[in-house]
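Can you read through this structure? Questions will come right after.
The first chain written gets the first letter, and so on, giving A, B, C and D; residue counts start at 1 in each chain.
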Amino acid sequence: MAKLELKNLNKTYTPKVIPVKDLSLSVNDNEFLTLLGPSGCGKSTTLRMIAGLEEPTHGQILLGSEDITFKRPGDRNMAMVFQSYALYPHMSVYENLASGLKLKKTPRAEIQQRVTEVAQLLGLEDLLHRKPGQLSGGQRQRVAVGRALVRRAQVYLLDEPLSNLDALLRERVRADIKQIFAAQKVPVVYVTHDQTEAMTLSTKVAVLNNGYVQQLDPPERIYNNPANLFVAGFVGSPQMNLLTLPCQESYAILGDFKVLLPDIQTVPPQIVLGIRPEYVRVARPDDTQTIQGRVYLVENLGMYNLVSVRVASSDSEPVSVRALLPTDQNWSDVEISLALPPQNVHWFDVNSGDALRN
Amino acid sequence: MKNILLWGAIALVVVFCLAPVMWQLLTSFKFNQDIAAVPTVYFPTRITLNHYIELFNRRPFWRYILNSAFISIISTTLSLALGAPAAYALARLRPWGSKAILGGIFIVTLFPGILVFLGLLEIIQRLHLGNNYLALIIPYTAINLPLTILVLRSFFQQLPKDLEDAARVDGYNTLQMLIQILLPMTLPALVTTGILTFIFAWNEFIFALTFITREDMKTIPVAAAQLGGASAFEIPYGPLAAATIIGTLPLVLLVLFFQRQIIQGLTAGAVKG
Amino acid sequence: MKNILLWGAIALVVVFCLAPVMWQLLTSFKFNQDIAAVPTVYFPTRITLNHYIELFNRRPFWRYILNSAFISIISTTLSLALGAPAAYALARLRPWGSKAILGGIFIVTLFPGILVFLGLLEIIQRLHLGNNYLALIIPYTAINLPLTILVLRSFFQQLPKDLEDAARVDGYNTLQMLIQILLPMTLPALVTTGILTFIFAWNEFIFALTFITREDMKTIPVAAAQLGGASAFEIPYGPLAAATIIGTLPLVLLVLFFQRQIIQGLTAGAVKG
Amino acid sequence: MAKLELKNLNKTYTPKVIPVKDLSLSVNDNEFLTLLGPSGCGKSTTLRMIAGLEEPTHGQILLGSEDITFKRPGDRNMAMVFQSYALYPHMSVYENLASGLKLKKTPRAEIQQRVTEVAQLLGLEDLLHRKPGQLSGGQRQRVAVGRALVRRAQVYLLDEPLSNLDALLRERVRADIKQIFAAQKVPVVYVTHDQTEAMTLSTKVAVLNNGYVQQLDPPERIYNNPANLFVAGFVGSPQMNLLTLPCQESYAILGDFKVLLPDIQTVPPQIVLGIRPEYVRVARPDDTQTIQGRVYLVENLGMYNLVSVRVASSDSEPVSVRALLPTDQNWSDVEISLALPPQNVHWFDVNSGDALRN
């Protein structure tokens, strides 16, 4: 059991293609770290460097106190689950599970015992003699997880293992994966572009963009205290309202309304206001910070309606705000007054995109 | 209506391709009188195995078959052994020059075999390789390499890269990976291109005619074509047809034996994880 | 280390393939003394164009080139025109018998050209097609049809079905769809298989040697091989090499002209919506 | 402008493969109908029959009063957006948009004017001379929509047009599509496997499974009054709790607790209880219908925690219930008391799966 540490990792293919620029983080035993980001953010490259499938251009990878930066993948005692599952198509499920152990010259009886154990855990007992081609998507996914588990690795790496499953199955497998890997008590690194997976599974999320870590925090902090515009916009569904507004004295001008700026030293000419749709609510008489506008689009999300409101403005360019409102009322084309609770409003610098904290 | 047209096209093509083959097959069982008969007897009413029996009695036909088999097997093995690693390299490493190399390989296939052949003739003579199996094995291998590389390369490109990564994480070294993971999956492609090479080597005529003159080293096509023997004016149609059928039979058996792999090899994207 | 090995393999293969070609190219520019010199002169220090000039002065070489071009173009066109609809039908209709038909087509490629050829010889003689371009065009088309169908079929299978549906919803009828939507996308495959057929027809030797005896109807490979002329014992290496190069030049130009399509055709899955 | 009607459609390939068994529905002008279902439910086959790309084995398709069942696709004046976009790769964006009009021998000036109009609406003005290969996924999607719009068709058909977009883009394009097609004022038929898309876009949803319509209703009713177990389980994320419980007198037995059955005539031996996780809440003193249990899994969804509770039970087989609870408290491993508000509980017949209504 050991701690996995990445120090200033960089991967440069050509001077123009640098998927990972400078990345440092660490994962302890019992920690489930998710690398979250859009395609091309460097998350998969990072995972492949940890696995040893790519060599970093600069930087170090440490496991415990050992430098494993240039160790061969087979010697790292890490197990990986691939997005495509990458099951060996000509081997039965049993052989797929056993292949890694056989190579390590594990005694035959132990292989059998460990495979049986994992097969029981994942409900694969009846499939052991099938070929991967005869399995459904969900079953293949379990075999892929099983092939990793049977290795009893020091670190588990998972590369978007849920992306080929349909929505309902994904919800169920997500819960299973969380429980299974929590029981392993070793570092787990998980790669995904799906913010829901990242939020639900992880003890720690690293949001990546453009080769850099944008924020490394537990999921609650990622959601409630996004470090910058990118994180704020990427995490959360429906997406956070992000409005670029002009400032006047200590107010930001939102249509015909004013929103009090936080306590910052110099008031910039422009500022970005962020508020999640679920915190925008119909104004009550005692609300201080309210805006008015007309609903132009209602999207039924079942639990809520996602209501898009065009804020009343004497200005030429209209601003629109989205709010999650209850479904017990018909909102279409209604004139509405919304409250923006100050404690839920985030402020970001227009140029750097960084969150402004008072 | 559309379907009828298309099926018509298929039928036409099949007949067009199969007609000469069927003709040979029928002729090989006809009596000589029926072969020479005017008007032509298309479907014989009586059949004979005499042409086949004569073939083995008059000539060392088994020997010819063995010669052909030996040469074909060796050159097929060689072209796969040389071509597969090159194709794998071209497919996986995607080097900057890969397009140029592919182009070069393609250009090579342009040169008329018959003329390059005359250059080869000179080399063979200088190296005293006449009446040596090598004189056939080397050119057959060289001629088939480009196609082998092109076909295998496109097959290797279709193999999911993830499988190799998974194998490496599992602890396979390169050799183990090639043999235990990649080879079983590439089998259909290897079999298909191998059989194409084998067919070429088995059927090749000019090189075999020129470089090999010793009777006991001749290959099937040469032996068959030289059946005429004594009189050049009377073509022995019956034995010739029989020789054609016997010469083709091993290939048909080979294809039937490997048919599952061939169908997989011909059907692109057959490998699914 | 691994890369070096793989690059080594590639280099070996390239040299193995290219060596005879380079040899011919160099020989065609050498003086006769250098050709005959012992020890062998590999890279000539002085070059001459005499072999080329002689070629056109002594023989109607332009005529040969035109003959080859005519025969090759017609048989290429025929085999594409017959093969493309059949391949489309096999790929799209997925009829229950498609595997059987594919198998049949494959079996046809097994028969040794040289022996089927003797059957053809008979047909040609009966139909009095000797010294007629048709005597070459028909067999060349027939021989290339199977490969054309196999290659085009796998290309058609890769074309997304949605495109045809979109065209039908947009109001294209079947003919408009084939010509305006499918043909432009199939161009690379048509060009690639067409060029392979063209190369075969251009370089074919035996059929051309046997069926065409009139001097003014001969094709390049035959004409080149018969350069020896008067004395059978003294091979005219220089003119022969020059003829090889000239005979290959049109093919090289053709390939260079269509190189973009060929690379697309060779690179599977090049069509993306 | 006309009404599209499907009457007893059936598509039989072989006696074993019958993707569409018996399907009747109608779509009026201004209606946006979504065919929603898992893969293999027959939704795409239905759409293809409407477009004329497949011929039904039985049944009729009417447009207005005209029977178009066997009309050629090009003569139906319908426009379709394909999942793969199916743009003609060798034509520029302009030619792609214009191709349908050219075939109809529309005057050149009119083609130009209509293409320009659509390009403006979709923001494609600068892309008109590019080839599809040079466009991003989102741009291709817009061109595909544009190619349909430019036709000014009598019916629009959309086959999972959003499935190749990433999550954030999908949210935005979804809103655009809703507004664009609402403005066309003609019948729209949309196919998807994503229940969020179906809920947000449609005026009417047809949930399909196994070749039959399971429910045909507005989104609110689909969500709040699922007609059967399949619809209840398929629509809604997180998935509805569906518990098969034994009955005793007029109660269903949930672990050690009793839930009052609805007013049904005969009490069956078993019954399925359904309740959406968002309606399960922490019990208040005045709640009558409560259960107790221990939390064994907490999944952070940002807005909420999805908490899985193992209900206290003296029985061997534990029952688990999932609830959406606020994030302001740490729920892990807590002993908790939950309320199941009777008005939010659904009951289903164990055998037929149909909802029991009193």
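Please note the rule applied: a contact is a pair of C-beta atoms (placed from the backbone, for glycine too) under 8 Å apart; a residue touches a chain by one contact, two chains touch by 3 or more.
Not measured: the values here are computed from a predicted model.
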Checklist entry - If you average the Cα atoms of subunit B and of subunit C to get two centres, how far apart are those centres in Å? => result 17
Checklist outcome for this item: Taking each chain's centre as the mean of its CA atoms, subunit A sits from subunit D at a distance in Å of 25
Item to check | Whole-Å separation of chain centres (CA-atom averages), subunit A against subunit C | outcome: 55
Checklist outcome for this item: Note: subunit B residues in touch with at least two other chains are none
Next on the checklist: Among all residues of subunit D, which ones touch two or more of the remaining chains?
Outcome noted: none
Checklist entry - Taking chains as nodes and touches as edges, what kind of graph is this: line, ring, star, complete or other? => result ring
Checklist entry - Got a list of which chains touch which? => result A-B, A-D, B-C, C-D
Checklist entry - What residues on subunit A touch subunit B, complex-wise? => result 48, 51-53, 72-75, 78-80, 82-90, 99-100, 103-104, 132-133, 140, 147, 151
Next on the checklist: Going by the contact rule set out above, which residues of subunit D touch subunit A in the complex?
Outcome noted: 38-39, 166-168, 171, 174-175, 178-179, 193-196, 199-201, 219-220, 223, 233-239, 276, 278, 297, 299-303, 306, 308, 327
Item to check | Contact footprint of subunit D on subunit C as seen in their complex | outcome: 160, 162-163, 165-173, 176, 181, 184-185, 271-273
Checklist entry - Any idea which subunit B residues touch subunit C in the complex? => result 2-3, 6-7, 9-10, 12-14, 16-18, 20-21, 23-24, 27, 82-83, 85-86, 88-90, 93, 95, 99, 101-116, 118-120, 122, 142, 145-146, 149-150, 154, 157-158, 174, 199, 202-203, 205-206, 220-221, 224-225, 235, 237, 240-241, 243-244, 247-248, 251-252, 255, 259, 262-263, 266-268
